[in-house]
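Lettered A, B, C, D, E and F in written order, each chain numbered from 1.
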Amino acid sequence: MQAVKKLEIIVDSLRLKQVIRALEEGGIKGYTIIDDIRGKGERGIQDGGSFMEALENSYLITTCPPEALEQIIIKLRPLLEEGGGVCFVSDAMWLMD
Amino acid sequence: MPIDFLIENLSKTPAILFFILGFVASLLNSDLKIPPAFSKFLSIYLLLSIGFHGGVELSKNHFSFHILFTFLAAILLSVIITLYVFLIAKQKNKKEDAIAIAASYGSVSVVTFIATLSYLKSLGEDFHGYMIAVMAVIELPAILMGVLLARKINKDSKNQKNKMPWLEVFSNSSIILIIGSLLIGWITSSAGEEALKPFTQDIFKGMLCLFLLEMGILVAERLSALTKAGFSLYSLAFILPIINASIGIFLSKLLELNKGDALIFTVLAASASYVAVPAAMRIAVPRANIGLSVSLSLGITFPFNIIFGIPLYFYLINLFWK
Amino acid sequence: MPIDFLIENLSKTPAILFFILGFVASLLNSDLKIPPAFSKFLSIYLLLSIGFHGGVELSKNHFSFHILFTFLAAILLSVIITLYVFLIAKQKNKKEDAIAIAASYGSVSVVTFIATLSYLKSLGEDFHGYMIAVMAVIELPAILMGVLLARKINKDSKNQKNKMPWLEVFSNSSIILIIGSLLIGWITSSAGEEALKPFTQDIFKGMLCLFLLEMGILVAERLSALTKAGFSLYSLAFILPIINASIGIFLSKLLELNKGDALIFTVLAASASYVAVPAAMRIAVPRANIGLSVSLSLGITFPFNIIFGIPLYFYLINLFWK
Amino acid sequence: MPIDFLIENLSKTPAILFFILGFVASLLNSDLKIPPAFSKFLSIYLLLSIGFHGGVELSKNHFSFHILFTFLAAILLSVIITLYVFLIAKQKNKKEDAIAIAASYGSVSVVTFIATLSYLKSLGEDFHGYMIAVMAVIELPAILMGVLLARKINKDSKNQKNKMPWLEVFSNSSIILIIGSLLIGWITSSAGEEALKPFTQDIFKGMLCLFLLEMGILVAERLSALTKAGFSLYSLAFILPIINASIGIFLSKLLELNKGDALIFTVLAASASYVAVPAAMRIAVPRANIGLSVSLSLGITFPFNIIFGIPLYFYLINLFWK
Amino acid sequence: MQAVKKLEIIVDSLRLKQVIRALEEGGIKGYTIIDDIRGKGERGIQDGGSFMEALENSYLITTCPPEALEQIIIKLRPLLEEGGGVCFVSDAMWLMD
Amino acid sequence: MQAVKKLEIIVDSLRLKQVIRALEEGGIKGYTIIDDIRGKGERGIQDGGSFMEALENSYLITTCPPEALEQIIIKLRPLLEEGGGVCFVSDAMWLMD
């Protein structure tokens, strides 16, 4: 097993493509996406019955080597600052190596 | 008197009663909810059906200058509404929020539009099929105005780090779907109409009931979210449809539309978008509070229009067209 | 002989064959599965359609004391079944679980009910439209009894920290939907019926096939979950529908119902809820093992009724009504 | 000339235009997307409807040796294609990937098949209902060959730690659904057909439009994923349908099929599976890159067939059948 | 970045509203919800094909400052004790501040 | 609260049953599943519009006592090696005890 940093990102579904682009620029190769989720944050309730895409969130999980984290955050932070959304970083072990 | 129109409207159209059912269920704190994947499908279905229908109708009408003028008037109307609403809304809101609100009112609510068509049909009142095509293109000018306003604001605040993603703004799924279906209806014409009739027409009213059930739930949720907004915003959402309807009726008279087309034109003016425009603004003005504009257009203006507005506007049109 | 009824029943109704297909697929360990969002939609569709249909039918019947008596008898039946099943079930189960089981058997399975209607139609047997309305209200007394029993238990054990959330228990989505649709059907009557017919009636049988496909899968899953429960519980799920059907037939005879109505009344008694009641009990009796009651009502009683029960009960009714 | 066929094909069938709409939307980077739960439902609907239809048709045909020979020829064809494609594909790919590709081309694309039927109907060309049943069983031999090849590879590499999960491979949801529906159609015959017609037939074309809209989006996504694969793979996905169609036409001539049946038989050969076979191979050959085989069969062969292939093959058949 | 406690809560969908109420009483301002999931726990398999709401779970993710955790748990625990469901607490870093 | 190991497993939906079997052999009693999600990994993009099941992922969350982890990993690893998929392990606290 191998130590990695796990990132969990929750953003507007409509801005997910931009986030993926930023992550890939930061060197991310793998990720998992859960679409069409709801939530509440600083910008109020996001719950559009899903046909109002503007009120829908997506949840993205990805991992990176600890030393790559800073580079990724540099790419990611301006996006979240501009358009809202959250990101949690935590420690995990990656099973396969 | 409008009150008769209203009761007629309610007791004959199951769709509106299902809207009320959803609304009441939500107030009763019920767990009733159309699954999201399905309400998204219903929305796709409605856009596809109405766009396709509009295209078929358009293919049956010969081109005329009267049609062209109606299109141009609708575009002009949309631009004017977006601009004046922006000027009003920016008084008490962030500029970004004002843009989102303005573009929403400059555009149209597809479901309000559909409710108008079935209202006219239930009264046996004539209207032209190309009015559906008018509705389908009317989403664009309001979004364009929104984007232009957003660029102006950014220039003013020298806050121009990201380029405007034009393509993404206009390739919004609702727009692609309604305009694409319009084209497909126009190309396949009566052959296509016959092939798709059982799907796009026969079960349409039933699908609409389900969608309005969900809308009722969402309106109730939006209303309770509104409680935190100020009084001036509430009243805006009541006043704007009335002002815009008046402009719509006036323009319809100028264009010499028949009564059915006039009601449709008026509803284009009076209704506000809560799907396509918010999605486009989410990308064009990311800092805007989109939830706010949706609360106004969906939470207040939408139920106002489908329950009171449509019969009221038609009552007025009947007065003036005598 | 019932065996003929049975084969007729199977070879003519695709819906029941799709149920068997789902069941077999699950036994074969297939990955076949209706997507959850879609099976929830199907369930909404069925409740809406049947409720609406019941309302329309009710609007066509003049009020009569006979109708009123049938309603009252159904309510009484539901109360009696809930109480006696509770007394039996609490012998070998936790009291909370006994409440969930009892309320489930006191109520009705909407899909079993639908299967009964189409069975009658396929035989060309008459029944009254208001029986659908009877079914729609019958969910309530069983839930009410469940809540009252729960309060009694809590009082006994002085375990009353949380207040009973009455509103949430009764504003359960299935109940709101079926009663709301009933009202809408009743208000809009034939105008509404005509508007929604292609949606609520024409494609109904097809939608039912899909839903029963999913039910087959779920029944197989429930049955394999059952293996851990005791033998007495298994047998209960076979015996209860037979006892309750007997009570139902007896009451139907007393009420002088015609054969079609008698079968419907009997199935109201014999079937058990696995949607509305478990959802209500989940809130009213949070400590209960809801999965257990669903395993009984859905895993055993439901397939027993739709495959053997309905033809059997009708065979008996034909005997007694001669 | 085929070009006329092509334009006819496009301007009359909304379904193919919706496919193009989805494709274009995806190229425009639109967020248009059928919700996954709904596209899975659409796929279930199509399999159920077409299988059921095939079963009903089969029940109307008396058994004949001609039918039997057609079945056997189709199975033989499937085995031959799987084997020769494997031999070609393993030259430049991992053996596991070659198996997945080969089994996919040995099987059939249900949607291409459906497009063929509606193409024939739009031309008023006759075909036999049992050809649908032929299609329904043709998925099996290709999967079986895939499994046998996989076992051989494992034996060669002594990599046999896990037993082959036979049941799971063949109880794949698409296979269960199409064969189950075929049986149900066969059992319930015209009674069943009448009951389900509004669902399985009337709204079929509309549902197909929605499904093809989603297919258009997925094809565009697959194509952009393809850019990383080599040129030889691309060309394979163009060449295989043409070779296989030629074999299909040749065999059809030998079997003395009528023109309609010949086109269907040819499309069975020319099309490749991207649902049932990849799902089966995912289990039988877990180390294979399933995405690759789907990119070929769905990304290239599928659009090639439904836009150019079908009219082209029929043009050739018309030449040879004179 | 800022240290937070991350809570992951899995409960019956029908009891989600009560959980949200409890969290908000405990001071939570933001959360994310994934609806309509299935699982297995002490009370058996939860998988109702989703039309049996009583057999459906929801997954809620939220974060709070480490010092606020105790207060939230006090609100949450009785609910889970009464009606089942699970909650995991872990450490994470919150990207935006 | 009680220290546990949290496992997050992302695999092809079609292989989920095998994973659950392995976990249960390893002693797991409870888990949560989110179906029908998409992602990207070594084997390319998994996104089949969901009707192509072969291109669909599932997300499974489970927990175990720290001392049980090794046994579970022994069961799990060969499955992921053979058919792809990822697993992250992290530390968490279990609220109920």
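Assume a contact is a pair of C-beta atoms (placed from the backbone, for glycine too) under 8 Å apart; a residue touches a chain by one contact, two chains touch by 3 or more.
Everything quoted here is computed from the prediction, not taken from an experiment.
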Intersection of the contact lists for chain B and chain D: A, C
Joint neighbours of chain F and chain D, given as chain labels: A, C
Chain pair with the higher count of C-beta pairs in contact (C-E, C-F): C-E
Farthest chain relative to chain C (centres taken as mean CA coordinates): A
Chain separated most widely from chain D, comparing mean CA positions: E
Centroid distance [mean C-alpha coordinates] between chain B and chain A, Å: 33
Inter-chain centre distance, chain B versus chain E - centres from mean C-alpha coordinates, in Å: 37
Centre distance in Å when chain C and chain D are each reduced to the mean of their C-alpha atoms: 41
Residue numbers of chain C (touch at least two other chains): 29, 31, 33-38, 40, 173, 198, 202-203, 279
Junction residues of chain A, two or more chains touched: 14, 34-36, 50, 53, 90-91
Inter-chain touch pairs (all): A-B, A-D, A-E, A-F, B-C, B-D, B-E, C-D, C-E, C-F, D-F, E-F
In the complex, chain A residues that touch chain E: 8, 10, 34, 37-42, 57, 59, 73, 76-77, 80-81, 86-91
Interfacial residue positions of chain B with respect to chain A in the complex: 33-34, 36-37, 39-40, 42-43, 161-162, 173, 214, 217-218, 221, 225, 274-275, 278-279, 281-283, 286-287, 289-292, 294, 298
Of all residues in chain E, those that touch chain A in their complex: 1, 4, 6, 29-35, 61, 63, 90-96
Chain C residues touching chain F - in the complex, by the definition given at the top: 29, 31, 35-36
Of all residues in chain B, those that touch chain C in their complex: 11-14, 17-18, 21, 24-25, 28-38, 198, 202-203, 205-207, 209-210, 213
